[in-house]
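Consider the two complexes below, in which chain A is the common component and chain B and chain C are the respective partners.
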Partner chain A sequence: MTAVGAADAPPQGVGASLRRKEDARFLRGRGRYVGDITQAGMLEVAFLRSPVAHARLLGVTKPEGAEDRVFTAGDLLGVGAIRAASNLAGFRVSEQPVLARGKLRHVGEAIAACVAPTRAEAEDLAAACTLDYEELPVVTDMLAARAPDAALIHEHWPDNAFLETRREEDLSDLDGIAAAKVTRRLRTARHCMAPLEGRGVLAEWDPRLEQLIVTSSAQMPHVIRTGLAEILGLDEAQVRVIAPDVGGGFGYKGILLPEEVVSAHLAMRLDRPVRWIEDRLEQLTANANCREHHYVVTAWADREGRLLGVEVDATVDAGAYSSYPFSACLEAAQIGSIFPGPYTLPRFRCRTVSACTNKPPILPYRGVARTGVCYAMETTLDALARQLGIGTDAIRLANLVPPEAMPYRNLVGKVFDSGDYPEALRRAIACFDLDRLRARQAAGEYVGFGLGIFCEQGAHGTSVYHGWGIPMVPGYEQALARFTPDGGLELRTGVHSHGQGLETTLAQVAHEVLGVPTARIRVVHGDTALTPYSTGTWGSRAMVMAGGAVAEACRLLGERALAIGAVLLQAGPEAVELAGGAVRRRDGSAAVALEEIARTWYRRPQHLARDVDTGGLEVTAGYRPDPDTGTHSYACHAVIARIDRDTGAVALEDYVVVEDGGKLVNPMIVDGQVLGGLAQGIGTALYEEMPFDAAGQPLAGTLADYLLPGATEVPDVRLDHMETPSPWTRFGQKGIGESGAIGPPAAIVNAINDALHRFGAELTDLPASPARVLAALEAGRRR
Partner chain B sequence: MKPAPFGYARPGDWPEALSLLRDGARPLAGGQSLGPMLNLRLAQPATVIDLRHLPGFAGVAVQDGYCRIGAGTSHAEIEDGAIPGRLGAILAGVARRIAYRAVRNRGTIGGSLAHADPAADWVAVLPCFDGAAIALGASGERRIPLADFVLGLMETALRPDEVLRAIELPVLPPEARWGHWKFCRKPGEFSKATACVLAVPGEPPRAVLAALDMPPLVIADAGALLAAPEAEAARIVAGLALRDPWRAALVRTALHRAALAAWEMEE
Partner chain C sequence: MSRMPIRMTVNGKAAELVAEPRTHLADLLRGALLLTGTHLGCEHGVCGACTVELDGIPARSCITHAGACDGAAVRSIEGFDADPVMAALREAFSAEHALQCGYCTPGMLITARDIILRLPDADEARVREELSGNLCRCTGYRGIVHAVLRVLAERRGTAP
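So, the complex of A and B:
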């Protein structure tokens, strides 16, 4: 027996800021994305897309001689439409044809697929097609969508709405008892998510396996597989979805794509590999699909700023179709359950509408409804504080759920697991010299301080999602752990890592349980043929769910290794323990490394005991926290903004985030998640906006028009962490992936308004572009 | 976003380039504007003439009080000091604010001027100098005053059979004052308002207001602006009758701040 010393290497387990394993390939430009993969005989697809927002499609004339290389809806025999229903009462489900059929419902909707050996030739074909259509009146404004004279986008519907929800409560007495009441009308702008890598699909039919292999830039390969099998009429076993390296998701790739279905169908039909790679023009013109909310919020408070009640009327522009699997209503309907935020709100009335418009179908973008909700709640609170003449910190402290109330069930039934929300606020404020700021304001400077605090439900499971009744409900998350014959550890997981660093953090979890060095742990993900089923990476769930599953699989694997080790050490099971990557006698007299145990199982089975567990050194285990209503991480964002009163430009002078993600599996990676999200939140606050003209044309066709924050627009952020463990998860970790993108619009606009209100001005619409800021100042001057 | 098919020619001398031009081919310099236009199929030329290998396309020469800048000189070369003296320092400061380095490495001063986007930096700044664009055609070189070069949105005084060969600017004394201000929300976004002011001792100060959706506005005697920057900027911009109040505010601010910068002798 070899003696194995306790490792005194730097820590690699849960809590270590380990460098990311995957960066070795990413930093060398060796990532492998769909666009890097080619197959012999491959054809490229270019889509002919709708030039108009709403029309009756009368016909498509294919270029002469190219009739067999251009495919329209009529050519796709046996291919169904995409349907994503919800069982919320009153939900109207749309039929989204994968190629337009009869009607065109938004600019950029795919009409025909053109195939050629190169993309340029495929685009030549698309350019040579002619379209015959009859334009219809266009619905671009979500508030006007339900007007009685609005054109119907789905003609058999009574009006242009997917769903309306109501939470009724009589608040009519509050006017009589409240010390303050404010009403605000607020708007957020439509965004186009912009991962560095766009979408892409490579589909091929493998005759040996009788299998369709779809390589796709996807966040949730198993869900795509189910969707593809259903719509193409294949057995699910006949579909394999591979998501290779994926250059950012954010929700943009959490969808079954019409282009995926069409490419897959063409690959089978033409018996050739078929690839479609989205370009930036397609992305911007056909996919501005998120974040457009409108709110009318009324809030009542007593003299101390305690909220007495809030009434919300929210509309979300859900676009033309219900996308698979999240549906068209998830975002709006969520508003009703998350609007109360981190507060002890006593009374609440809320109506939401998922409006149907001639725009690209809605997708949940990092933060989902929370970014808009946090913006609406937090700016309203500041307006209340100003009216009451109390501090914006005081009004929050008067309403935040106190730590002693945790776990706390709020009035809509959300349960917050743990945390000290007021402390996050106090810590953030303590980072600033606010006296100095007030002095600058008194001297006439256009500067302001703003706060935004929120909690983020993540990793919510079956008990939450079954109520939505959408095509996908997460259950037990599974992971497979197995030793290779040389003692390495392989983890297989159905979530996908596209920037989250899961190849590192899941290895850290396994190291924590088994002691195997992370260099010897491989995380396999992104392939339905290799990994257990999972709904994938969304909803800030992977570290809680896959982390829990990996820990459980490793625990069971450890027990099996322990039993074999005990035999090899000729000790009873109670005399041995697993530590430092070895099974050791508790008395310290001998140890056997996991490598040796693996070698024994696979290659020297003659040394095994008769009653060994025949499952061997491979375990698939499932995990679900109990309760599975989700973790609640939370954060306070605080910022000083300076306004150029001549141009309306906003500069962020100082930005602080105090974040509590529970136990941090890898603090460095969490910092990266928060900072990346924060950059996107700054985009929402100050830059990102896809304007549509009255004809439904998206107006920002390049990244020179659709402004994304870059290195020069994101300030150096000061990040502070609290680490209140969740009592419900394996290590106390909480979902935190979306957090950074939630807080910035609230904090930044509150800072702007802190500067502006002394000039009689207030901003309500996002983004806080220079033109809007200047217009607000001008309106203030006239007031 | 792939270009329609086109031919590619790489002439070795200027006469060959001009003869290709007469056949309707489109010049290509750094490709930083033409490339996107080809990809978006906004431009579908039958042939593209790559000018980059022509003798003397890039490079700077000083003679007789003038600095001759080859049309193919890149923004990056100018940023890095290819042009000597006070003029060079001023132009380096302008070049540094064009997009980001990757674009500046390829984009050229001539390409930018010939492209004639009213929001582009060279289009805005060059008319402030009492210089000329040198056009080359079958009958030789022709000088076009820079103030008259850009005629409108993507429209120049170049004839279809001419290329822009060089830009000639007067060498400036070290005391020349310069102010330049532009508004864009991030690098690479085209300016929403640009102004510059040049004051050479012994000459009337000049100013240019640009990025106005029209050719740059040259103020040949900007003495009043330097004397009372805020009031004069407001007066000039009021005369433009811009409809969008935000743009009007930006343009006013640009002019005002460029004038202030000239006093502070920025750059």
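So, the complex of A and C:
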């Protein structure tokens, strides 16, 4: 029992850029996604979907002879509707039927489920159904939605709004004292989140366990389980949700799906495994569901650029229904609480509306409202700076929360934990030769420089979410840690990893605490039967919350191992310590590896005293930071954009991100998160848009129409990290998963406007497509 | 619906199959042959997730009719385990963090291998252009581009 543990192994704990454990299976094509799983006797579902945006549904005629293979709302006995209310004052409750009932409220709404041995045959059935409906006037524009004569989407409501929020403050004196005032009207475009793998679900009933087993491409399996049990009238213990490998989420898979409910019901009713796999056409046309905002922003500043006040009127196009669990209002209501951004704004007035329209219901996409808010705030600041004739850096430095004020509580009560925001800005700017850029501009080139700075609240918990009053409020995050009899370490977590690398990073956390080599640590996730409850992976929370919970479970497990180790070393508890994967006598004379301790506990208990801690080598522990108002990572994006004056195309010449995610558990993976988010943000800024025509028809039905950035559209970004630990989390880590997607529209459009304003032009609406850039230039020419 | 016989060589082994005329190659591989490493991202020829090697050339299996592959040799991601170029790419993809959710990865690797063999002198711009038919929603491409450049450099003997 000596010489245990290698002293000079490469670092594997918190802070190491460890290669990912999960890569091996993916690189061989051995990932297992829901579409890869089949069961004997399985039936496939194709949905008959609404061809119109707003209509009274009068009837569905099933194909002759196939009446028992086509199911409409009337056939779903005992199945409830999806209900995602919020207890924010004034929230209007609606129900989302899992198959349309009485009315059709958006193109793509599911009307009937058709089952057959293959998807192709199921689609044949759907195509053979006939629909009878009476079209109604369509509400496609979120501003027109509230016009007095607009058709009502939910007829028991007085108008088409889920919720209106107001933060009142009298700003009427600011006109008299401000040196500058600007007003901007801005729009962001409706998006598809477009993970490369679509949604999918395979449901089956296990008669032995009397359990419904639902395998779903899901980010939050435990929340889906709760929702499914409620809506199907089952005990929660009768539902098991498995999320296997998931081909990207970004928020798109943080939802209880109508298709999930229908597939589960049919599996029970038909006593056959039933599978539905979303295809790209369904995703684009039935589920374009995020990011569509409209803002009117007015800002006042003094001569130095210090903000005196901001007034915002924001509308979010929330679509036709309230999705479970995040509801239709989270995004708009969030605008009211995050608009002040990283600044010391003294006065603020804000109205937000969650408008109801004949479009698919919204979901929180990576960054949620922050991408739109950052875009609105940052472009408005640049407009102010131009009016004042000061630099876009100067106006930000005049308003950013200074490091000495941390932790800082802003005027709406958000608490920023730590960081040096001005330093991030200075570092980003120092990466550029701006004199050269100004010279190019003076020579007539259409180039510009733009900044976007923001903070990202992540891992916010009970104290924040109970206020929303939506179906899900995160509490303590739990993790289970246990030694297996062969001395391996198994971690079980209720969050899900679908690209974030948690199978690696949570092992790093456990290694940090226990010293077990990561090769001997397995992370189990994605199965409600195997893992402790968790609200899942969303809100940049996994590394803070599950990381904290794994650390706590491992700490407690270590204490148990220490007690056993002391017995084996015939030492008193104070004479031993846990280090390097072993329990050691403090005097260095002897050690026993954790593996040996595990083997003894499970297989040679005769070596242990009877009064040993009977809890054994398995611990479930909970974690919740205090305070739990969330971490605030922050970043400054800076970019040089070049515009082709003939085509309107925008090229990104040089892109810099200075990011502070606190202590980085795995810097390589953090870089990956930032870069991946950034590509999505570039999509928001320049390419992605789901246009709807006046009849509510989505106009981009393929990936040749809905443009995702490719390798030629995303530049080789320069990435710099500051690492200011959060004082509130286990290792100082901060949530950073969404950050990359927040900054690009602001920085890129600011760069475009820096180029355009010399020609009297300014861009306000996203994406900055060639057509919009040319239109802005043309408008400038006419001015 | 009628069914047609198809003989192919798949990953070096002869296969005799039947398929409906409307079946695409990806469904045939994923279904009858259980080769689920070939992924479907769009089924209309844009995303590249379904890329396989068809008679030695990368092809989109979602817009390739199975019936058109009678007599063809198909290699899917499962068929490259003994291939040294693929081994180098796999190593580089992991080292450069060129994958997150893994869904685009099989198609990306098959395209990348083709770049390595066809364009040994490709620079970054060329690599990006050649990869532009394969979408990745997770990584932002930098890791993928760097991984391909790393293997190109290794093969030229100019690796740092």
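Simple rule for what comes next: the second predicted complex is superposed on the first by the 780 of 783 C-alpha atoms of A that agree within 3 Å, B and C clash if a C-alpha of one lies under 4 Å from a C-alpha of the other, contacts with A are read in each partner's own complex, and residues count from 1 in each chain.
Everything that follows uses one rule, which is that a contact is a pair of C-beta atoms (placed from the backbone, for glycine too) under 8 Å apart; a residue touches a chain by one contact, two chains touch by 3 or more.
Because the structure is predicted, anything quoted here is derived from the model rather than measured.
Of the two partner chains, both chain B and chain C are touched by A:Thr702.
Residue contacts after overlaying the shared chain place A:Thr61 against neither chain B nor chain C. Contacts of A:Gly648 after superposition: chain B is touched, whereas chain C is not reached. Once the two complexes are overlaid on the shared chain, A:Ile669 sits against chain C while remaining clear of chain B. Once the two complexes are overlaid on the shared chain, A:Gly31 sits against chain C while remaining clear of chain B. In the overlay built on the shared chain, the residue A:Ala120 is in contact with chain B and with chain C. Contacts of A:Arg20 after superposition: chain C is touched, whereas chain B is not reached.
Once the two complexes are overlaid on the shared chain, A:Ala679 sits against chain C while remaining clear of chain B.
Between chain B and chain C, more residues of chain A are touched by C. When the shared chain is aligned, chain B comes close enough to touch A:Glu778, but chain C does not. For the contact definition in use here, the residues of chain A common to its chain B contact set and its chain C contact set are 120, 279-280, 702, 704, 710, 712. Contact residues on chain A toward chain C in their complex (touch as defined above): 19-20, 22-33, 35-36, 120, 194-197, 245-248, 250, 279-280, 498-501, 668-669, 671-672, 675-680, 702-704, 708, 710-712, 714, 716-717, 740. On the side of chain C, the complex with chain A involves touching residues 20, 22-23, 30, 35-44, 46-47, 49, 76-78, 81, 90, 93-95, 97, 99-106, 109, 124, 127-129, 131-145. Residues 118-120, 123-124, 127, 279-282, 646-649, 687, 701-702, 704, 707, 709-710, 712-713, 769-771, 774-775, 778 of chain A are the ones that touch chain B when the two sit in their complex.
Partner chain A is touched in their complex by these residues of chain B: 1-5, 36, 40-41, 183, 185-190, 244-246, 249-250, 252-253, 256.
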